[in-house]
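Sharing a structure below in structure tokens format, with a few things to ask.
Order of writing sets the labels: A, B, C, D and E. Residues in every chain begin at 1.
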């Protein structure tokens, strides 16, 4: 048991390590220049040069991403209930949301900055705007594919549509809601970073932009990898929460 | 019945129309300048000025987005099976995918362009890279939350793990797979547009970028709205397919 | 007695939101120097400086009131005013008295004169100012525009594509292009620069002001310009200290590269024959008229804004304060 | 006295057009307050459908449902229904599954807690209060579902094969429990069952349905005095009833 | 002759640590090839668990499962199992649900089609071949599950309360069908049931399990000659068997 658990954490790190070594070797052997793809060693060196600066900017990005995610999660869950409640609402609102989501949020950030100023607001908002849809879709699907038999069971003793949703559809959708948070998490990070690229002078997005504009690719990669690692860790924590909260749904040990 | 169906199509269009009128009024009343937010009338005028140019570029974007989406859908479905098959594989690969997804794809497009040239490849690739994760997550969740009882039923007559996945887990996940295509669709569009902004001289992304740089905000908004409308329509078609293919899952008429 | 000396006027400090044209780099140092050395504070201004996202976007950001003052491109201002006559933005000081716009290529490509560009592939981002003004340049030099093939790409790809030979030349600010090429290990004498200002009377960036702000705080604008001019003069004297101040904002910068970038940028700010005659911030209106003319025809503008619509030099400090 | 449940010419159709199927046709049925009526018939004859009509879950294409003198066509509070499959929620423990109706009816969950524990003990599941449904055997799940149908003291009980997954002994215990509850809480009860002995033992009237489409073939009034002990099963009268009803189903 | 199924000292535990529950303890059982053995016992005594052990679905913590002389501890082909709930796939029609084992076992679906239709007709579901499971009544679903368990001509049949949702008449028809199949296809059969009459009528041996943890209390050999008609139910011998087994369960 214990060794199994350890294995779960070590395994992806091992995969990562192997990937890193392969990457370094390929670059050394084939002599690919830094600006096409920097080797892990150069990226590590970039980490080493600015540990505090990167940490500070990561913290900025992390904060706005997590706040955006939290709002997105709350919003999606709340919105999915009325959407599940009424097919008419769903039919009129859902395609609009889908359409809205096809608009590249990067194009909207300058507008958001105009409306909400240059503070944290546009970053949190962008994170939220990108993250909420991938949380909403699976949650809503799980709600509206509820088995008819369960529905009838609750109706039989006089439960209203709303109560059925709250008591059955929502908990039934929980495994999907929680697993979609992984997706929402990555989206929120992307959102924060994009917003930082377009309207901010802090956060990893800013660092990426300013380093790429100087063609300092290793530093840009260091930021990207920092983002990936952070998300990876938060995602691991999320998985633990998932197994705790909705373990009942994962009874098959595939 | 018939009137009900009509209602479903009219409803979102009506919502849209009302939104448009409200938008126009707000701008007229509050005197917001065009470059901050153009009124719908100016956007319509932009449509009118370049109908063929916009159509041509929309077709470019549409093509790469749809190809990217198709690859993403096929890839997600294919990948979800081995991921569902083995917890070890899942534990080592899934967090890496999550981490990778936190990397803003916008930051990777220049690299893709360096590696694959400036043609259609980076656009399709970006669409694919953005779209596959939101399809993978709900599909995989549906596969691995399969009821233990069904699992045992198939095992009882000697089905292998792989067969159980193919015969039960995959069809059971279909409603989630298909609904996630809505999300994948919007993501694929965003991906194509981002790539066109960074490395292309065609497609709506290019038009958005060049029109904003010419301060032609109404044209940029016309592109954004064209994107939204196209996605909205494809999303409607997807919904029809969904009801046909996985109607069994939508037996509760909420 | 000395104690009767009048107190400094107790005007409340005025807050100014200022945007740069681009990220924190060498050329942006003078503004940071003015802030960190207290030049703004001495004028009773409390200034916040934000990075910018392109010298064209600074125009609309100041016009919309997102910022009170900004550092942005004059040519973009002309286009903006032409399309939005009511827009509340004006230039009160021209800093780049020459334009940084250029075509940059490598000796290896065999291009030695601008005419050689014919039949070649030029790379640039879609909205790049140098690309957009290129028709005027081509006209002035006598290049047949139809014979140029444009390749659209992101800024981040521009120099890399040139270095790899995917394109034969690129357009952009000469100092950005040259420094990026150097960082790709291209040797300096392999780089060829054709600056537009050799053929075209163009200016570059200047101080943009929101007109509502200007109306409300004319004195503040004057004080702001005074402090900015001090900043530039200080930077010319103490480039190393300026870079140190810059590094406080972004420690990941490369000191030597940014110093070089600053010095290259100063070439179009502190120009022999112009700046030592007119001082910082001022350009002969006849040159500006010609600039407007060139932009109007290159961009195909339907309406040519008048001189008074786009510039107003009345807020500049007196000449003696502005001389280098 | 007004009947608690009155079905008038109920016809139910599933699906429409050619593919449709008439599950139940022209059914008339009155159930008096406090009466226990059993519905028996072959598999697929429409028993569950009738029960769902009474619960307001299935809309008849023709006919009327009248409850206590009022027309009804939507689900109504005060019904306790046990479905043919247990339908327990996998994320809730046994006790929470049982308390679900109370939560939904905005009842005071606390004050029903003792009733819940009492019911759990009576159906023989003491010790499994905090188990999850998937940790229970089929018969245990069915008993949990029974508790859930009873928890809110419904005035009308609709039971669809409540004891089909139970062995003879546990089943007899459950018969006792059900009689007790019907007696004390004066529920009007409609019971669908395949066990004719169960029908005769528990009910005042047995309705025999013939299949496809389901119609009322005949009704048999069972005249035993209440409370009925399990030993009446061995009387001749009882076995005569059973034989008669079986033959009615068989035809 | 070697037993087809041999259980040696089987003990099953669900969960571990303090919260765990021993469902079945030290069960020994031999089933000869072609033999029909019934398992009876109170609800929750471990019958389903034993069946799952034989199918290889549940791993005992102690004891051994030997099939045809070979140790086994994983699910094996050639078993036809009917679970306590129908477990039909909602996205497949009746006929496709029934053909599922053939698909999985890489059989030639076409050549089994006629058998599928035959089975459907025998269980009385002709006309419902292309219906979806949720369009069927509970008893109809159970019969579809029975067809699925039989479709691939399994050499071992494991039936968990196969007829619990059926009325007496349909049930008797199914008894006939099952006897026929056991006879012709010589299946080794283990049947879990609550209906003692069913157990006596169908099986060569009835095993009585006592509950919590489940242990074999006693075995009763039923000595009727095969084929057995339904009328043996009315013989005194038959009723003696029933009474005896009932009393064994009751203790």
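By definition in this document, contacts are C-beta pairs under 8 Å (C-beta built on N, C-alpha and C of every residue); 3 or more make two chains touch, one makes a residue touch a chain.
Here the structure is a predicted model, which is why all the values come from computation and not from measurement.
Averaging Cα atoms per chain gives one point for each, and the point farthest from that of chain D is the centre of C.
Both copies, chain A and chain B, contribute mostly matching positions to the interface they share, with over half of the numbers common to the two.
The pair of chains sharing the greatest count of C-beta contacts is A-B.
If you average the CA atoms of chain A and of chain C, the two centres end up 38 Å from each other. One finds 49 Å separating the Cα centroids of chain B and chain E.
Separation between the centroids of chain A and chain B, computed from CA atoms only, is 16 Å.
In chain D, the residues that touch at least two other chains are 85, 134. Within chain A, the positions touching two or more other chains are listed as 35-36, 114, 148-149, 212, 249, 251.
Residue positions 64, 156, 160 of chain C each touch two or more of the other chains.
Against chain E, in their complex, chain B makes its touches with residues 149-150, 152-159, 163, 167-168, 171-172, 174, 246, 248-249, 251. Contact residues on chain D toward chain E in their complex (touch as defined above): 14-15, 21, 40-44, 47-48, 84-85, 124, 135-140, 143, 160-161, 164-171, 194-196, 246, 249-250. Chain contact summary for the complex, chain A toward chain C: residues 33, 35-36, 49-50, 53, 110, 113-114, 117-118, 198-199, 201, 206-207, 209-216, 219.
Contact residues of chain D toward chain A in the complex are 52, 55-57, 75-81, 83, 85, 87, 89-91, 100-101, 103-105, 132, 134, 152, 154, 158.
Every residue of chain C that touches chain A in the complex is listed here, in rising order: 22-25, 50-51, 53, 57, 64, 66, 155-156, 159-160, 180, 183-184, 249-254, 257.
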